[in-house]
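There are two complexes below, and they share chain A, which is joined by chain B in the first and by chain C in the second.
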Partner chain A sequence: MTENYFELFGLAPSFNIELATFENNFRKIQSASHPDRFVTGTAAEKLSAMQLATLANEAYQTLKSPANRAKYLLELQGIKAISETNTAMPTDFLMQQMEWREALEDAKAAKDIVALEQLHAEIQLEGKALHANLVDLLDIKKDYSTATDTTRKLIFIDKVCADINKAIEHLDN
Partner chain B sequence: MALLQISEPGMSAAPHEHKLAVGIDLGTTNSLVATVRSGLSHVLGDEHGHTLLPSVVHYAENGVVVVGTEAQKKQNSDPHNTIVSVKRFMGRGLKDIDTTQLPYHFAEQAGMLQIETRAGIKSPVEVSAEILKVLKARAEEALGGELIGAVITVPAYFDDAQRQATKDAARLAGLNVFRLLNEPTAAAVAYGLDNASEGVYVIYDLGGGTFDVSILQLSKGVFEVLATNGDSALGGDDFDHRIYCWILETAKLSPRNAHDTRLLMSKSREAKEWLTAHAETQISCLMSDGEFVNLTISCEQFTALTANLVQKTLSPIRKAMRDAGLSIENIDGVVMVGGATRMPQIQQVVAEYFKQTPLTNLDPDKVVALGAAIQANVLAGNKSDDELLLLDVIPLSLGLETFGGLAEKVIHRNSTLPVARAQEFTTYKDGQTAMSIHVVQGERELVSDCRSLARFDLRGIPPMVAGAARIRVTFTVDADGLLSVSAREISSNVEAHIAVKPSYGLSEDEITNMLKASFNSAEADKSARMLTEARVSAGAIISAVNAALEADSALINKDQVSAIQDEIKRLAAICTTDDTDAIHAGVETLNHATEEFAAVRMNASVSRALAGKALDEIKL
Partner chain C sequence: MAYSDKVLDHYENPRNVGTLDKNDPNVGTGMVGAPACGDVMKLMIKVNDAGIIEDAKFKTYGCGSAIASSSLVTEWLKGKTVDEAYAIKNSAIAEELALPPVKIHCSVLAEDAIKAAVADIKAKQLAKASA
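Moving on, here comes the complex of A and B:
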């Protein structure tokens, strides 16, 4: 059984994936391997269904998220985007991070859900711009070093967005 | 009258034969059983044609267990021995429940709460099993045969302990559980297939005791849950309770005995139902001390009394929408499920929130059971060309206790099932051979704010210096949403032994004892039954493996084929003996012998599914 998520989905390893094919193939794989298909099957059949369906879900989650997809593509190149020895960030991005964090803290303190939602939308937009860069860096230029920096930014953006959602949820309770 | 052809159980002749499978909605207030006949899902009725079975169990003085409408009649006269809304107790401890308004005597003990009745101490699992037994009997009577399996619905927001308790109850009732299915997903299946819907749908499911919201993407027979949320302690019962409190307050009643409490709760419930279609209602009843209560409540008063309960359902909706990354414009329809959604104030708030009229064209009491029956029919294999596929999610994150009482998330909520995650641990003392792992479920950061699921003791770690051992613990959540854990020490490849202590569940021993107690037959009957069951399962695996060989023996080499055939012959030979244990062992051996074949077949079928891709091209 292949461990390569792109191969599993019948896709070429690239950042820019054909979303419709990706979604369709995921459903085809699940249709063939989901444990629901083997409810009356043997224990051996149930086991392999469980294993394949779990792998397909893991692969789907990884490739669906642009940050994780980029991280995974780099891993296939033997590059760890996030590691203890690889934490450098350009100064301007660090400044921006700090601004976002401050805005998050301010909105949290003011219990301002609308401000949090706006911040979330703004950062998401920033992330979308990075996606376009990654297509260029990973698929065309194969500039893995710059792509690693960009991926790290994207991972960071996802993390801030998750924290904003957590803050909104906290205020909502 | 035509003669029925009866075959040995499990040895059923024709493959095209319709297999008997049902969907069961085990509800807080009412339970239902449904099945698919001639391609259509039907709810099955009792001998009087009643389809809703009140989820009430009465332990009568003559030792008989009464379930349903007859039991309901006893709730005022014998409240201690008449258990209503038992679903609220499933997988729950005493401290989770507000017991002040409940007429029961609870047994003092840790873990899942227990109720003292005249028939002895009863676990909620046993009480639920009584309801399931009645539904099973109803279905077998109506369908004229033994069921091969059932799909049982649970609230999407049920945690692991509540799900496990439900599955245990089904086992006690003698049901083969095909799948635990989330109630909103079941409703989506019934609704989606009925209306040939495509797009993004929200299922708003307010039952007697639980609230769920699920957001699903419906596309070509695939029902993919994008996010789910809810409140497993909010339901129609709470609306009754608001009226009850209002009566006490308005009539200036002193605290009541169990009988009066029950009576007032029944009156509150009637008032709630009446107010669905009327502007006001009168509540009058005679208390046990002779005091007469006579009050009038209007629709506006009721709406005001319950406004914050209705509002309470909006927070889970917002969470689910955020998790799915959707906004209100993305929603193609909102389907209302559960009897409580008949209340006009609920429909109004939902309509305001989603800016569209909610869909109420299916019977909110039956839609869950109907959907479960459709899924049961597919799982039984009655429709081979069916496109129906349900992809559901885990409702609450799973985590581990780490230093300082913090919960570290291992599997995040709304992950598609089945899902597995591995986590590595190390020892912290030299020569340490055991460690304790505490698994919790919930979104909060502190372990004390999450739900304790189980404690695992890992033993048999080879002694090493502190920090040298690498123990890989794998958490697997299956399609029922149930967790299992395995552990292995990586450097020595030693499988660590796991002792599971469920925090609110029943241990395997307890279940076995309950099952034994439920066989009131003689010892000889019991072993005869076990032998028959062993032979049935052996017959089932032999025919399954034979069918697999017939279809796909080309996928493996001749030696592998004959090795499997030898095991089949060996098992068939053992089946002619009366040795139950040997038959079980033979089944196990045959299973093991076919593991590789099963994996190869699975890969081949995935390759076939990805159209246009040759086998070797995909290299599965």
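Moving on, here comes the complex of A and C:
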């Protein structure tokens, strides 16, 4: 059994992963563990293929999203980035979140797709900056404490972006 | 997942949504966030000279349980002293709203928002006293 999700895809545990290798190796595992290959196999073979397919799916979903990948890397270091009892975030960051949320509400109420797209672009920019910080913090500096704070911020950013996308889709329909 | 009637009631008719003047020396603001789900909560309390909370307003961006938790606490806070407010436990909020285990963190968020708002008003009062 592989030790972690990165190894499963032949990757070194890092935030900045080689996306082509990641995708290719996932497809290889998917096809190697596909149920069609085990139609005449033993029950044990079918079971182990199914287990591998499930593991690969889980691993793929975890590593594909940058926020989840960072969370997982921190977990490998024994750090739980998300704790339900820790609700403290820097005030200026939460202030910014509130402002974005208010802008989202206003744009939604005004059915203003352009404003929503602008807001999305603005927040994506912030997300990109956090992404670059995480490469530096996790892969180079190994500063896991700051990386934890940055990962938490990225999760908030992803949530707002997802909500904006939902609003845009809703207006498009 | 089904929400309890009380959660639905607060979600559909949230009490005390809005903001107070954050520059008012008698107003304390608490801002908290739940990274687990990306929810953000702002709670503002207005405290009179006797230390009683006269008004409370909230703004929450999050799921129904987070909105209900903050709506409920704004009702509870009015008329309480800041120390009584500080003593409110998330378990009481969760119990009142019959929150399922996966939504307990919403009540934690509300408790932490109260604590942050109380800490803010105390800091303001201290600054006023030493001015």
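In this section, the second predicted complex is superposed on the first by the 163 of 173 C-alpha atoms of A that agree within 3 Å, B and C clash if a C-alpha of one lies under 4 Å from a C-alpha of the other, contacts with A are read in each partner's own complex, and residues count from 1 in each chain.
Operating definition for what follows: contacts are C-beta pairs under 8 Å (C-beta built on N, C-alpha and C of every residue); 3 or more make two chains touch, one makes a residue touch a chain.
Small disclaimer: the values here were computed from a predicted structure and weren't measured.
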| item | value |
| --- | --- |
| Partner chain in contact with A:98 - chain B first, chain C second, else both or neither | second |
| Touched partner set for A:89, first chain B, second chain C, both or neither | second |
| Contact breadth on chain A, by residue count: chain C or chain B | B |
| First, second, both or neither for A:155, with chain B first and chain C second | second |
| Partner chain(s) touched by A:77 [first = chain B, second = chain C, both, neither] | neither |
| Contacts of A:173 with chain B and chain C, given as first, second, both or neither | first |
| Which of chain B and chain C A:28 touches, first, second, both or neither | first |
| Those residues of chain A which chain B touches in one complex and chain C touches in the other | none |
| Touch list for chain A against partner chain C, complex | 81-82, 84-89, 91, 93-95, 97-98, 101, 152, 155-156, 158-160 |
| In the complex, chain A residues that touch chain B | 1-2, 7-8, 10, 25, 27-36, 39-45, 47-54, 57-58, 60-61, 165, 168-169, 172-173 |
| Touching residues (chain side chain C, partner chain A) in the complex | 31-38, 40, 42, 59, 61, 104-105, 108-109, 112-113 |
| Residues of chain B that touch chain A when the two form their complex | 148-149, 178-179, 219-220, 222, 315, 318-319, 322, 375, 378-381, 387, 389-391, 415-420, 443, 476, 478-479, 540-541, 544-545, 548, 591-592, 594-595, 597-599, 601-603, 605-606, 608-611, 613, 618-620 |
